[in-house]
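Dropping the structures in below, format is structure tokens.
Note that subunit A is present in both complexes that follow, paired respectively with subunit B and with subunit C.
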Partner chain A sequence: MKLADLPQAELEERLRGAGLRLRTGPVVSEIRSAMPPLAEGLALLYGEYPVEDRDGFADFHVRIAPPANLRRWWRPQVQFQFDGAPPFHPLPADQAFPIFEWGLNWCVSAHCHHYLVLHAAVVEKQGGAMLLPAPPGSGKSTLCAGLVSRGWRLLSDELALIDPASGDIAPLARPVSLKNASIEVIRRFAPEARLSPVVHDTLKGSVAHMQASADSVRRAAEPARPRWVVLPRYEAGAKAALAPLPRGRAFMQLADSAFNYDLHGAEGFRVLADLVEGCRCYEFTYADLDDAVRIFDALAEGA
Partner chain B sequence: MNLPLLAALRDPAAIAGWDIPRLELLVRQARRANLLSRLALQVELDRLPEAPRRHFGGALVLARAQEEAIRREVAQVSEALRSVATTAVLLKGAGYLFAGLPPAPGRLFSDVDILVPREALPQVEAALMLRGWATTHHDPYDQRYYRKWMHELPPMQHITRQSVLDVHHTILPLTGRLHPDPDKLMRAARPLAGHPGLRVLAPVDMVLHSATHLFFNEEFSNGLRDLADLDSLLRHFGASAGFWRELPERARELELERPLFYALRYTRALLDTPGELHGLREPPAGLRRLMDGLFLRVLQPDHPTAGDWLSPLARRTLYLRAHWLRMPAALLAYHLAVKAWRRPEENPALQR
Partner chain C sequence: MRWHTVPPEVLSWRDLDDQLVVRNAQSGNTHLLSPLAGEVLRILLSANETMTLAEIADRVRGEEPEDPEWAAAVADVLPGLERQGLVRRVA
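The block that comes next holds the complex of A and B.
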């Protein structure tokens, strides 16, 4: 069953009561919350995702709720609880949906050590996955959102889950997190894209989440073979340019962006070395998303 | 109460036959108790369904990395202390690991703990500082708290590796009610083959220290993990001749009968650990009932499915008890007042 098949009242009842079991790629999360923005956000962006039964296995049990303090009326807050305990301090209550997204990312990066987990966006075309590792502010999520709204399949905008045994990347296909100016950029670039309401003054500035394409969600059980590593850099006014990146530097960039490279030891080195070995690696400077899509489509066609 | 974790610790082989909801609850409780990786080595993982198996596998990745890190770290400490004419005793996790004892496989570690003679502390600290370890608590009150009243230096952290090292000179605070003689522990400590400057506690002392650490502690997030350590140690050493006779005698000599009593009582109650209580002075019945009410609660995983409405109160009571045992009343009042005055720390996560 898809989440969209649940009537809104039933969705809210599950969230308030026994919990909603939502599948995102390999991960099933049991979600509870009585906060309206969460139910609204889920209904808006997660309609195509499978809802799982109670007799299956849920990986993470999370709750989005006001913390047990006296701030119910005066500047109310929201807390992300993982199995009854909050891994982070509370945030202002209007950030209920963003804290849910960030919290689920944390669940994966802090526990899924059966994958090598990198902080990178991953998109796929023609069977090849493109890894976009980059520090915040480099335009990684914007580029990812742009490509996904032009037919690339989304695997993740934040977490590349590399299976050490096969070297393939498992998709999470959750909504793409957009920050500050990139929200407007994507609204103009893809007017048909569905975005959650903008939440202002978060730790990352203003944020909104863009729905993953239906195709990405439908194919979320389908891993992809890494084919390109692209280090993006947004530069206002720059002409789009794709320059080869030495494999050694690509390797260091990936290792540096990993959440758990240190835990995988020699195996982690082997997995990343094999990955870089099998990829073409580039540095990409860009200002305009249309240029970017044109260049990457050509890359995918040539592959 | 539904406690698959205790059932799994008592009989790990049985897990393979469990249904998915029970396995799910086990993963949740074991993850919270830091015991998932220990169980992962005691279960036939191939017989588990894929979804729970992945969590055991992931926990093993973490445990193996920590074991390797502890091995490297201890080698660095040993190297740093070569210039100091003293021996260092590896305590707790690092001790179990280097002595090749059964609590070690799959265990999660937080830091390295060593015990050195108090008179060697200045040279030990200086030698460690030369190799990159620096003190962590820069507040003058904290420095005084540790150096004057506690049983250890303020935790030291390596400036590049970020690893934490606790340097102890005895096993309970100087201001506490009990004063086990650290010289006796050091004298009985056993050499470690291949590691000339390092030792581990003698078997009975290792059990007594593990018990003391657990039952005098102020928080129990690793309570069940530590109880499982004790279970493994007691089963392992308990098989050798003389252990059960020597244990209560040594406890009396070191003033540690009470923590030993609790260790034997609660390993038996929760993990079916075999043991003999002969010759051990027991606490009065009223106190025993009170402590049962507290310890049987806090030694469960700190998970919503493994407690009752009294669990939070039990945790708070034992927090106060630990402080009460740590220092005299006037000093305690002063210390708690200073701590209460402090500002809370910054948000730890959500950087990316």
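The block that comes next holds the complex of A and C.
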């Protein structure tokens, strides 16, 4: 059963009661919340995702709820709870859906150590995966959203899960997080894209989430072989330019962006070195998403 | 003074586009070495014994004409490798 098959009343009942068990790629999360914005966000953006049996195994048990303090009535807040404990400070209540997304990212990056986990977007075309590791503000998520709006498969806009045994990347296709000016950029670039309502004044500014394509969700069990590493950088007014990046530098960039490279020790080194050896590596400067799509489509066609 | 690497079993390394990336399990750190530093480390690893600065410089020079600049360049590189915990000096 997928989430869209659940009547809204039952979705809300499960969230308020025993919990909704939602599969996103290799991860099942048991989600509880009585907060309407969360149910609305899930119904809007997670309709194609499988809902697992109530008795089944859940990797993460999370709750989105007001903290137990007076702020329940005065400037209400929301808190992300993991196994009953809040790993983060509470945020204003209107940030219920963003805090859920950020919290799930934290669950994966802090616990899925059977993968080498990188802070990177991953998209796929023609069977090849492109890793986009980059710091916040580099235009990574905007580029990712632009590419998936033009037929690239989304594996993740935030977390690359590398299987140490195979070297392949496991999909974790969840909504793409857009911030500030990127929201309007994507609205113009892909008017058909489904976006959540904009939430203002978060720690990251204004945020909205873009639904992952049904194809990306359907192929959530289909890993992809890394083929390109691209360090994107948005630069207003810049002409799109793809320049080769020495593999040594690409390795260091990926190692720096990993959440658990140190934990994997020598095996992590081998996995990353194998990945970089098997990829073509580039730096990419861009201002216009149409240019970016044209360049990356050509790259995929020539693979 | 002679030089040698830390025990090779604590190092993992890979040549990537003529750049040497090396991980030191003792420190937990990973380093991207300059081409010369990478070559010096490769020489010390393959020698499997201590070497003097002049011996290392000779190996780096290979078939090129003799020039004191080779030894000067290697002398510049060795302290950096030492700080990174990849080589040690023996008095």
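Operating definition for what follows: the second predicted complex is superposed on the first by the 303 of 303 C-alpha atoms of A that agree within 3 Å, B and C clash if a C-alpha of one lies under 4 Å from a C-alpha of the other, contacts with A are read in each partner's own complex, and residues count from 1 in each chain.
Please note the rule applied: contacts are C-beta pairs under 8 Å (C-beta built on N, C-alpha and C of every residue); 3 or more make two chains touch, one makes a residue touch a chain.
These numbers were taken from a predicted model, which means no experiment stands behind them.
Contacts of A:H111 after superposition on the shared chain: subunit B is touched, whereas subunit C is not. In the superposed model, A:R247 lies in contact with subunit C only, and not with subunit B. Touch criterion met: A:R270 reaches subunit C, while subunit B stays clear of it. Residue contacts after overlaying the shared chain place A:A255 against subunit C, while subunit B stays out of touching range. Contacts of A:A58 after superposition: subunit B is touched, whereas subunit C is not reached. Ranked by how many residues of subunit A each touches, subunit B and subunit C are led by B. With both structures placed on the common chain, the touch criterion links A:P191 to neither subunit B nor subunit C.
When both complexes are overlaid on chain A, the residue A:P7 reaches neither subunit B nor subunit C.
Once the two complexes are overlaid on the shared chain, A:H119 sits against subunit B while remaining clear of subunit C.
Once both structures are placed on chain A, subunit A residues 262, 265 are touched by subunit B and, in the other complex, by subunit C.
Touching subunit C in their complex are the following residues of subunit A: 246-252, 255, 261-262, 265-266, 269-270, 273, 276-277.
Touching subunit A in their complex are the following residues of subunit C: 12, 14, 16-17, 19-21, 23, 25, 28, 30, 32.
Contact residues of subunit A toward subunit B in the complex are 26, 28, 54-59, 61, 83-85, 87-89, 102, 105-106, 111-115, 119, 136, 158, 203, 260, 262-265. Partner subunit A is touched in their complex by these residues of subunit B: 20-21, 23-24, 28, 31-32, 49, 51-52, 54-55, 57-59, 61-62, 64-65, 68, 302-304, 347-350, 352.
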